[in-house]
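The chains carry the letters A, B, C and D, assigned in the order they are written, with residues numbered from 1 in each.
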Amino acid sequence: MPPLLFYLFALITLGFGLLVVTARNPVTSALSLAMSFVGLAALFLSLDAYFIGIIQILVYAGAVMVLFLFIIMLLDIKAEEGKTFNLKAVVGGIVLAAILAVQVATIASSYQPGKTRLDEAKLDLKLAADYSKLPTIANDLRAGTLPDAKLMGQSLFQRYGFHLQVIGLLLLVGTVGVVALSKREREAN
Amino acid sequence: MSILEVVILLPVLAVLAVWLGAPARLVSVGSALLNLVILLGVAAKYKAAAATGGLAFQHARVVLENPAISFGVGVDGTALILGLLTALVTLAAVWQISDDRPPMYHIASQLIAGGAFGAFLCTDVFFIYAFHELALIPTFLMIALHGRADDATRKAVAWKATIYLGAGSLVLLAGLGWLVLEFSGGSKLTFDLIALREMAQSSPLPVEKQGVIFFVLLIGFGTLVSLFPLHSWAAPAYATAPVPVAMLHAGVLKKFGLYGLIRIALPLLPQGPHVEWVQKAMLLMLLGNIIIIGLVTIAQKSLDRILGNSSVMHMGYIFLGIAAGTELALQGAVLLMFGHGVAIALLFALTGRMRNQFGTLEVAKLGGLASHAPVFSILFAFGAFASIGLPGLANFAGEVLIFLGAFGYDGTATVGPLQWTVILALWGVVMSAVYMLRAYRGIFQGTAATGLFMNDPSFSQRVPLFLLAAALLVVGCCPWLLLDFLKSLSTTAAVAAM
Amino acid sequence: MSVFSIEILLVVLGVGLLLLEALVPSLTRRALASISLGGAALALVLFFFADKSAAALPAFAQPFHQLDTLAVFYKGFALVITLAVLWLTVESRAYLERYTPGGRHGEMFSLPLIVCAGMMWMASAKDLITVFVCLELVTVSFYVLVAFARKSSFALEAGVKYLILGALSTGVLVYGIAWTYGVTDSMSFEGIAEALAAPATAKNAALLGAAFLLAGLGFKVAAAPFHIWVPDVYQGAPNPVTAFLSVGSKAAGFIVLTRVVDAFMAKGSVIASEVQALLLIGGALTVLLGSLPAIFQTNLKRLLAYSSISHAGYLLLALGCAQTARFDLDGSSVAAFYLGTYLPMTVLGFLILTVVRQAGLGDDAQDFAGLAKKNPFLAFAATLGFASLAGIPLTAGFMGKLFVFLGLVENAHWFALSCAVIGAAAGFYYYLRPVLVMFTGESGPALKIAAPTRAVLVLLAGAILVIGVFPKPLQGVLKVPVASATK
Amino acid sequence: MITLSHYLIVSALLFALGLAGVVARRNILIIYMCLEMMLSAASLTLVAFTRFHVTDGLPDFAAQSLVFFTITVAAAEVAVGLAIIVALYRAKQSVETEAVTKLQG
């Protein structure tokens, strides 16, 4: 990815992120968050993580954000009026975040392996093809494409099968929880 | 199973029995009496073994392998004398609890007794410490719940005592932990006092370190014994505590700190008290006990305050004995611990009766009791004169031994800080004569304000009081009865004198 | 039968119970409770006979789970606490019925089983991905459990607070995992320890990852300064859930923390001393921030919350001593021992709160006035529990504290030691005050306790005394030092 | 040219932004969105690291699985979280942090 595009998407991610934090209207916040996530997904794509990028959009922008918007509309939450911010909290938040950002950024920029350029960390698909045991993946790799969804699937279903089951259980618990928490009992009786 | 384990277990069983609904007084007095008999038997047998100066009736059960903690019991002379003191005072204390008191009184007294027995008879630092703590809790609870003052006062008093003693216990725990860690070589960490002693003899710590640890232990133990300036919890606590608790705490449990210094600190850190700054600090503090608290006591108007403060003051003498560290002074210290314990228990028991009758203990308001209650006044005289240090009563022998032992510490004729302390401390005797005699005269002679009038205790109520008075007299006249047990202290003193 | 099958059994039981509740409307609350309790008890019994060797694990679980002494100990621990929590749920019937009218509380009986499986997996996890997945299973289940009494505004408030701070901690945790992975190129504890031992490892970056990881876990174990959620959430949540949070979830967090710390502080690690300093400072701070506010609490549930914070501090201090081990017991087994002592006394505390609440009284100190007259048995058990929490000798609590203090003295961490001492001293005050209240005050109508509850109380009180006087068996369970492999 | 540090710094900034929002905002829904932002920032860090840890010629897909799990967990968390927030709204008619200050003391 050309540097220009990287900066553009980074700007989209961070700019809309800033809007999420500062917007008065929750709807603006939610939509900005969706936009920020689109930028983020583009960054994922730039890192050759196509699958993650796609599910970032599918799950976050597609499902989570819709859920947020749905709740905002359902509860009819208006834009905050009047005293929107608690000054102490705002100052605290900015100071805390600034300290954190400076700290991490300093470490990240002085981190020696961090100097690796993206084109230096080259993927060697031919080599990978020799290592791959699955023929479909090996074929894709030999053809010069990165079958990233297949590789992810291989990792998830072969190596992390147990974890996948646990995550499934977690989703079940989440579903049950939502049902249990929003059950309306027969109050009329 | 060692007979000493029975001694520790009996009060616990008594507590369980009372809790489950057995007749409280019967069980409680019975178990106390049984313990006294057992310990007298132990004493009789110990005499034969005393020549060796070692521990007798030893027995140990491993509780934890690493760090090595074992439930070990065993007596040397000091432990035996304090065990006897515990049994005696417990018997008197539970006997004089009147029947209209709730069973809680018996439960608490037996718990304190059980804790004291455990603390005195165990040979494992962990259990020595643990049992003492066990005994403290019912003390606080009884002061807070059944103390003799209005609700707010007794709670405040109980909290003050809890905070002081709790903090003292923690300092003590830190000091003991340090000690244990210092003496534990390799991967073996042991709490066994006997093993620790062996290690202290084979590889003693550097002198300066001994001094520091000893000082930590002194502060820890000292708070428990109301060493000046950590004493301010004691007088109000004793003035407020229910009678059996005051008797047991002032008479027995308080001696734990002194016992710990003699039994744990001195053998493991023989040079500790002789490091110059430690000795100076200790002498200053004990002079504070004797002189400052002595003056404070003289200024008191009420009998319970006088007794509470005098109890603090007399601790100074025992600390003097420990500071000197000579055989004679240590023997005197142990003897004085016994004498003071018995005398203060007797005095608190009598004061309790007076408070029940009069509702006040202001010396100025009382008077003329001698003519109404002759037996009572004689018993009181025993206690009062014993604590002044009148010859023929137990305390005298102790005090004299301490003064002699401390004064002639290094055998030369020089007059060092120790000797100056002895000279100043002797004035304390005068002071205690002043306040005790004044209180005695005020209460028992002259005339009382109207309506303040009491009869002698009934026969059954006299028994425990006579028991204590008799103990004072017997030990006073024949101190060798106890001194014979204390030969083992000479080895400690010999190490200390090196 | 391997331990793993027991975990599967728990999950099957939990999911099956949900199905049963949904499909068989005639099943009563009592039946659901019996199935759940019976299943958990069966799991505990099976656990004793299960093959606890790592070789017995199914092949697919082998790369992610280890069955060292610590893991086995904690798995048993999790089963016991789950049983206790289910029993507390049975006991808090009145409370739950008031705030979730018409329900059979099926989720309250099934979710703990799933949580238990999650915690058991967490204890044996060998890498950060497994930890994350299991931790989140537990956390999400707790979101539901905390807010379960949805008609109580307290419970909802607690739920929201737990949700926000739980999600925050998840974010911090993932960020920490990302950096740790980035620096060490490994997700497994072993690999991390190995990578950190290489002197070329970027120290600052590794430290950044470690700090975020510890902070994320710090939320879960209620370590300062991430403890602010604890009092509110503990007070608002239903009693059984609070007990579960304060013992089960915290213990699970500590097991993970132990593993992480063992990796960070492994021999030759470039960040060992910094991590140790973090643990000691954090631990000392946690003790103080837990103990000092506790002095002013009048609500016993909040008191137990602050107590739980200060206990977390002692546990952190124990972990902070992990580097040297002159007396065989290293920091992680001291921490595990401390957890073992912490279980009976905390559960006892919450059981007493539940029983009192069941009798129509609240959690405030004055609700306990005169308890000694209303039910001397309960007052005695409570006294024992509080004495143990305060760390009075001859109770379990003292033994745990003793080891921590010894470790601190041994390693000459004087600052941490003095904070620990201050905390313990404050503890004497705030734990013994409610005891005093129980023994004073007006008598009221007698408070009845059901026979099984009485038996549970005796069991817990007995455990406190036995561990306090005779800790050898509990220590025996932890005999083999956990980290010996990596050190 | 773009380096690993670029990605790390972008994700650090996003993480910090999220944190600032969590601390500063009063609307619980927005706080929750900021939390999602933090989680995504963490994912970006992780993906960046996996991309640069090339093993056998490929990015470290084993570690990238964690991102997949994170996103799933986030979805489940959002579902449960919004259910709780809705329940709170029903009880208090508000989603401001002021609505959750009853438990104190």
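One rule holds for everything that comes next: contacts are C-beta pairs under 8 Å (C-beta built on N, C-alpha and C of every residue); 3 or more make two chains touch, one makes a residue touch a chain.
Because the structure is predicted, anything quoted here is derived from the model rather than measured.
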Relative to the centroid of every protein C-alpha atom displayed, which chain's own C-alpha centroid is closest?
C
Quick one: point me to the chain whose Cα centre is farthest from that of chain B.
A
Taking each chain's centre as the mean of its CA atoms, chain B sits from chain C at a distance in Å of 43
Centre to centre, by mean C-alpha position, how many angstrom separate chain A and chain B?
71
Find the geometric centre of each of chain B and chain D from their Cα atoms only, then give the gap between the two centres in Å, rounded to an integer.
64
For chain A versus chain D, what separation do you get between their C-alpha means, in angstrom?
8
Give the residues of chain A touching no fewer than two other chains, as numbers and ranges.
104, 108, 111, 113, 159-160, 163, 167, 170, 173-174, 177, 181
If you look at chain B, which of its residues touch at least two other chains?
none
Going by residue number, chain C touches two or more other chains at 129, 133, 136, 140, 143-144, 147, 150
Provide the full list of chain pairs in touch.
A-C, A-D, B-C, C-D
Please give the residue numbers of chain C that touch chain A in the complex, ascending.
11, 15, 18, 60-61, 63-64, 100-103, 107, 110-111, 114, 118, 121, 129-130, 133-134, 136-137, 140-141, 143-144, 147-148, 150, 202, 204-205, 208
Flag every residue of chain A that touches chain D in the complex, lowest number first.
1, 3, 6, 10, 13-14, 17-18, 20-21, 26, 29-30, 33, 36-37, 40, 43-44, 46-49, 51-52, 55-56, 59-60, 63-64, 67-68, 71-72, 74-75, 77, 80, 84-86, 89-90, 92-94, 96-98, 100-101, 104-105, 108-109, 111, 113-119, 121-128, 131, 146, 148, 151-152, 154-156, 159-160, 163, 167, 170-171, 173-175, 177-178, 181-182
Would you mind writing out the residues of chain A in touch with chain C in their complex?
103-104, 107-108, 110-113, 159-163, 166-167, 169-170, 172-174, 176-177, 180-181, 183, 185-186
Looking at the complex, which residues from chain B come into contact with chain C?
19, 62-67, 69, 71, 126, 129-131, 133-134, 137, 140-141, 144-145, 155, 158-159, 162-163, 166-167, 170, 173-174, 177-178, 180-181, 184, 186-189
Complex interface listing, chain D residues touching chain A:
1-10, 12-27, 29-30, 32-34, 36-37, 40, 43-44, 47-48, 50-52, 54, 56-59, 61-62, 64-65, 67-69, 71-80, 82-87, 89, 95
